[in-house]
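The two complexes that follow have chain A in common; it is paired with chain B in the first and with chain C in the second.
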Partner chain A sequence: MKFISQDDITFEIDNEVLRQCTKICNTDSSIVKLTSTKSKILQKVIQYCEMHLNDFDIPEIQKPIKYQHNIFDIVSFKDAQFITNLEFEEIIQIIQAAKFLGINTLIDLSCAYIAIKIRGKNSQQVKEMLKSNKPITDEQEQMDRDMEIKVKK
Partner chain B sequence: MQNKNIILLIFTYLELDDLARCELVCLNWFHFINSDSIQTRNIFSKFYYNSFQQFKWHANKIQLLQVKDLIFYEEDFEINKNDIINAISPLLLESLTIKLNQFNILDQLLINLKTLKKIEIRMPIQNSELVLLTQLPNLEELHLRIQKKTDEDLKLSQFHNLHSISLQLQGMKYTEVLLMLQNSHETLTELEIDADEYDHDQMLQIVNSLNQDIIQKLYIYYFNDYSNHIILKLSQFHKLNKLSIYKAQDIDEHAMFSLFNNKQFHELNLNQCDGITDQVLYQIAKNCLFLKYINLSWNLHITDLCVSILLSNCKYLEEVYLIGCKQLTNDCLPKNLHGLFLKLRILNFESCNNMNDNELMNLKNQFKYVKIINYYGDEIDKF
Partner chain C sequence: MIQKLQEDLNRLTKNNKEQQQGLQNLYLRFGSIINDQLQIIKYSQVSQNLLHKVRPEVFNQILIFLDIKSYLRFRLISKRANQTVIQMIPFRINHINQIILNLNHQIQVYTIQNTEQTNCQSLIEEYNNALDKLYKLNKEDLVELKRTRNPPTILVKVIIIICVLLDHSFKPEQQSWEECQKIIGNFNYVNSLHSLDIGKINESQLTYIKTIRQISEVQASKISNACSTFYQFILVVLQIRESKQYIFKRKIELIELLIKQAQKHQTFLQKMIE
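Here is the complex of A and B:
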């Protein structure tokens, strides 16, 4: 099986690793194109799958997460280490890729981590957290400029 | 962060306080929290309150979203009676779990909740309120978990055709309970009952009143006068898949044997039961391939061989309690662990003198997600 990322880099994947991708493992074609996933993100996702090669049925995280618990209390050590080493924006993209591939445990882990980051912050702090990590795309910049012009007029 | 599904998924992990703050982050998030989707309804269905502000905010939300299942616990503070009624009574609830510190609210609440299918009450209740419960046209499940003595004899016999009943309260009049079960004879599939006040003959009559063709779940708590007769009666319930007979003593092996003959159980609580020998356990291991939960605590007769057969045969086990099984040694773990313990979460060997910590540590290294408890009642550490 081959995965092709957005920037045309091909990843060869074992069938064993693929077992966790619930949406992909039953398809017949041997090439999957992930048009919205960069190679860097895909690499991380595959790293996660390889990490859990021998783990069957990872338990779900209980909702809602209690205040006194941090990420190391609710998931295994290697998972916590994996997720804390990632940037915020990377995690968002990983969730999207994981959703496409159907890796439910990875979605669970990443969402719980972001929830832990959000909790205890007031709305202003959450806004800052989101903004500081969000790269401004050309379109948005253009829109901002248009808005400024309108305001000036 | 524009994808609605991802954000809603993240919200499910947050508590009430944080959701209230998230609402203020941006207009998108405000719309997500107040949107009328099933996902949002689920987020808001289960909460405990610690302050009045929390309640007020939440009451607003559940009305806006038309929540269908609600768990409503009033903890250490008091909410104005009318506020509660105004918050809950306009909802079209299907299931309600309620615990309040004040009295005389339930009757006013119930007048409007005609769509209820399931109600669970965790506070003292009076006869006048029970009457209102009988008038709910769709009620199928009634759970009374009060655990306190009630002031008056509850008239339970007025209920008809319930599907599931839990009676965890003291001072229930025996005749009322029996009548209630007889009234639901045709429909009752699940029963949980506190039976500490009943003697042997009364229990036998209760068991006799159940419909042996449909009953699926039977949990008997605190009953201490079991006999072979009752167990043999239970063995006729051929659809039974969840059973709890805590402290069933003075039971012969052959009675237990017939209880587990040709039946597929999913949950079994056999804590402190007599008559669970290796042969009986072998029967369970052979028949119950889809067993999820088993509690064999303080069964002194069971040995390594049968526990290892049980652990290797039942591949879907989630929780296993072997507390105080003194005969068990390291050999009770199956030799070949490949493909086993797919769903296991808890494995408890508390007070098993002969279990070796090193062996359990080995097991922990192979199955990192399993919570393993050793002789001292400590969890085996991850590292």
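Here is the complex of A and C:
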């Protein structure tokens, strides 16, 4: 199967890797267009699926997370390492891509990591954490450009 | 001459009007630029927060991993965060419902496992016998115990364990026979042993109580009647505390506590959306 990202980059995916994508693994189509996912994010999602190529049963993360636990206590080392190397904004985009593809374990991992980061912080600290400098969607980028053009005129 | 002057005056007035009009247009244009800039600043401020880029359902999935306190605290971040939380409360209630169902299922499993285990009737009988012996201890036995000046090591050990059972803050390593005498000086401690709640024996108490196994029944009975009675009582209490039935009972009690908490949270959230 082929995945095409928002910026028109094609990724060839093995059927073995596709096993993690519960929403599309049983579809007949050979091309999936992810119009709201950039290649960088899609690459990370595929990397996660490849990481779990031989894992048939990934344990579910307990909800809610116990206060004394950090991400290394609740998931495997490779998962914890994978998620801690990502930026907050990337994780949010990964959640959206994983939701589209139906990779529930990746959704849980990402959500749990953000929850751990949010936990115990005051509102100001969380606000700071949720700050982002880059607009996510094309629509927002276009709105930005329109505004700039309008001002230049 | 006058005519020429009049023409010059008219031209100047006209120029002045045009200049004023131009200036006015410039002001209007300036105003519109300022408005556009303000809009851009406002937009960029809004887009800088990830909360505005993500659908509430996605954030709800994140919040599900938080305990109820952090979940509700999230509302304080912004108006949008508050809306997200309130919008997603029904999902949280459903999630709590699911947790309660799972916990109830766990209780059922433990209850079945508990009934499958051998009956603890013999332990209860032993406990009742030990209690009877405690009741039968007469004042002379207790006075003798209290007045012992140079007690054997075994007696000191047994009494220290009794003190540990009665007071969870009692530090056995730091105590001497004199300290124990203060506790056994008041005969009410025997009544406290009668009403001892085995469920309240914590892990550190349990670890120390286990040292009773270093003493044999014969050794204890050789010292005095009181020492032997206390020894038997401690041994039965230890057996009950370590029994599988008791462990299951404790697990069930803990789960019931969790269910109570979950129900409390559920009621609180329901009140919030009503």
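Just so we're on the same page, the second predicted complex is superposed on the first by the 131 of 153 C-alpha atoms of A that agree within 3 Å, B and C clash if a C-alpha of one lies under 4 Å from a C-alpha of the other, contacts with A are read in each partner's own complex, and residues count from 1 in each chain.
The rule we apply is simple: a residue touches a chain if its C-beta (ideal position, glycine included) is under 8 Å from a C-beta of that chain, and two chains touch if they have at least 3 such contacts.
A quick note: this is a predicted structure, and the numbers were derived from the prediction, not measured.
Shared-chain residue A:K63: touches chain B and chain C both.
Look at A:K131: by the touch rule set out above, it reaches chain C but stays clear of chain B.
Look at A:D7: by the touch rule set out above, it reaches neither chain B nor chain C. In the superposition on chain A, A:S76 contacts chain B only, with no contact to chain C.
Contacts of A:I95 after superposition: both chain B and chain C are touched. In the superposition on the C-alpha atoms of chain A, the part of chain A touched by chain B in one complex and by chain C in the other spans residues 61, 63-65, 67, 92, 95-96, 99, 107, 111-112, 114-116, 118-120, 122-123, 126-127, 130.
Against chain B, the residues of chain A that register as touching in their complex are 55-59, 61, 63-67, 76-77, 92, 95-96, 99, 107, 111-112, 114-116, 118-123, 126-127, 130, 134. Note for the complex: chain A touches chain C at residues 61, 63-65, 67, 88-89, 92, 95-96, 99, 107, 111-112, 114-116, 118-120, 122-123, 126-127, 130-133, 135-137, 140, 143-144, 147-148, 150-151. The part of chain B that touches chain A in the complex is made up of residues 1, 3, 5-6, 9-15, 18, 21-26, 342-343, 345, 368-369, 382-383.
Those residues of chain C whose C-beta lies close enough to touch chain A in the complex are 33, 36-37, 39-40, 43-44, 47-51, 53-54, 58, 61-68, 70, 73-74, 76-78, 95, 99.
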